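Each chain gets a letter, A, B, C and D, in the order it is written, and its residues are counted from 1.
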């Protein structure tokens, strides 16, 4: 039964990767990264049971934390970029 | 009793895997950014929740179950928040929900 | 089956060369650094794939380990520290690029070379 | 099954790497680099290296993405120039790849128990760790005790890199137009206007710090240790800086304090070694630290892991501040 879930997660990872490669907007890529992060958490949790090493779930927890920080960093990057563009437009006009 | 828990856990795992897969297909196939985001984030939370609950049932009362529960709670908080943040950033950047207007022009960057 | 066991070395070779290509052929300095980190990851991958033993488990003793073969801990030790050192050197590289951008106004190799010629 | 998952993920890795090199959008490249790191960490986990996977998780997906974005905000987002000398580069690359492929046929296959790497020193470490050091995690035992010298060196490398970044970016730039703090990465306000992430993020920070302490002190028993814990603490401060603005984060943990932290780690580590010398042992031979050699080893590992954690925290946060505050002074 673990097999079915692992295969479903791996297939989803491929789909998310395809979205990251296709784009077209930057937000799609960020969405794909976020999705892949969640899938990584799930895959690690399932595989830890599959490999009979449930003591390694710390990793899944770390991913859940770090992934969030990555998305917020991207958001901040967008905010800075938008601010600069506005300032440039003001200068131009 | 153990049997019931086992069966329940397998059912949850399968359903969770199904939702995860549906989310992936939605993220790839939906026509514009916001529908893709919708497909990805909702099923992400639901599928992750089901799979992690199934694993908690498998683990029983152990440290592993506590860690899984912590992961579950973290995901429940962060995953919708990240989706919301991303959607609002996209909206502020001026990307129109494509389905709302006849012309579906997304700025490429 | 026998050949599949060598797949990790092929991926190592391909990744190493993709990273190397980015370093030597791409004029953008940030792209070069990303290439360098791919190169680095390829080396990490080579070391880590040396570690595991068939049907073995990670080198951390636990009640679930009893009787199972233990994988090699040494590649993990080497690569663990290498990753943290890698991020430090990456930061140093990015800092140098930021200074180059401030001094020359460019992060492309050919533009910087032209500025040097003037 | 594990082998097939690994092969699948390795193939994905190659596709991602090709996409990174091919795209001219550096932001997309940074995002793909994050995915690359996630995938490779999963491979590390599957190949019985959970310690490495934990480090790669914290470093690759978190800190390195933040650093790339900080640097991109200061430079340019798009690659402009075309690839020069592509054919020559391709020729070189293909030749070397062919050589590497040829040599791969002499290598032991993945997971071969008779591979030379598993026959010489590795069994000794696995066999003697319970006897000499008595911690479950062999990786921590080798890292902190058997090969403590190497880790001391690595700690100094991290410290030196931090000093280097501070040298390069610490002083305000000369003759550059000043940018208002609102327009630098994380600058004055950060994401203060995004209420939902702000509330959730602030809620999570204490738990992240708690988890970091768990990783730090549980490193003898499971995956974890000073390097990983340091990165996670740094990530939590970065999260705070993103939410409340970099200036506010500096008020909580000042630059001077960070420099002290960065320097304190190698000092703690080095003086542990000196203490061993003074108590009559060899440098970094922790057995003499207590009347019971095994207990002495535990104490030594605890102290030097704390030193490593402090250094990594101080250096990574200093680096983040240097990138974030650049140009706004």
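Just so it is clear, a contact is a pair of C-beta atoms (placed from the backbone, for glycine too) under 8 Å apart; a residue touches a chain by one contact, two chains touch by 3 or more.
Predicted, not measured: the structure shown is a model, and the values here were computed from it.
If you tally contacting C-beta pairs for each pair of chains, C-D comes out on top.
If you average the Cα atoms of chain B and of chain C, the two centres end up 30 Å apart.
Each chain gets one centre point, the mean of its Cα atoms, and the points for chain B and chain D are 28 Å apart.
Chain A and chain D have CA centres that are 19 Å apart. Chain A and chain B, compared by their mean Cα positions, are separated by 11 Å. For chain B, residues that reach two or more other chains under the stated contact definition are 74, 78, 81-82, 85, 109. Residue positions 13-14, 23, 26, 30, 32, 51, 53-56, 58, 61, 65, 67-68, 72, 75, 79 of chain A are each in touch with at least two other chains.
Residue positions 25, 50, 72, 191, 194, 197, 201, 204, 222-223 of chain D each touch two or more of the other chains. Touching pairs of chains, sorted by label, consist of A-B, A-C, A-D, B-D, C-D. Taken together, the chain A residues at the contact with chain B in this complex read 1-2, 4-5, 7-9, 11-16, 18-19, 23-28, 30-32, 34-35, 38-39, 41-42, 45-46, 48-49, 54-55, 57-58, 60-61, 64-65, 67-68, 71-72, 75, 78-79, 82. Contact residues on chain B toward chain A in their complex (touch as defined above): 10, 13-14, 16-18, 20-21, 23-25, 27-28, 33, 36-37, 40, 44, 47-48, 51-52, 55, 58-59, 62-64, 67-68, 70-71, 74-75, 78-79, 81-83, 85-86, 89-90, 92-93, 95, 106-109. Those residues of chain A that touch chain C in the complex are listed here as 51-56. Contact residues on chain A toward chain D in their complex (touch as defined above): 3, 6, 10, 13-14, 17, 20-21, 23, 26, 29-30, 32-33, 36-37, 40, 43-44, 47, 50-51, 53, 55-56, 58-59, 61-63, 65-70, 72-77, 79-81, 83-84, 87. The residues of chain D lying in touch with chain A in their complex are 1-2, 5, 8, 12, 15-16, 19, 25, 27-28, 31-32, 34-35, 38-39, 41-42, 45-46, 50, 53-54, 57-58, 61-62, 65-66, 69, 72-73, 77, 182-187, 190-191, 194, 197, 201, 204, 208, 211, 214-215, 218, 222-224, 228, 232, 235, 238-239, 242-243.
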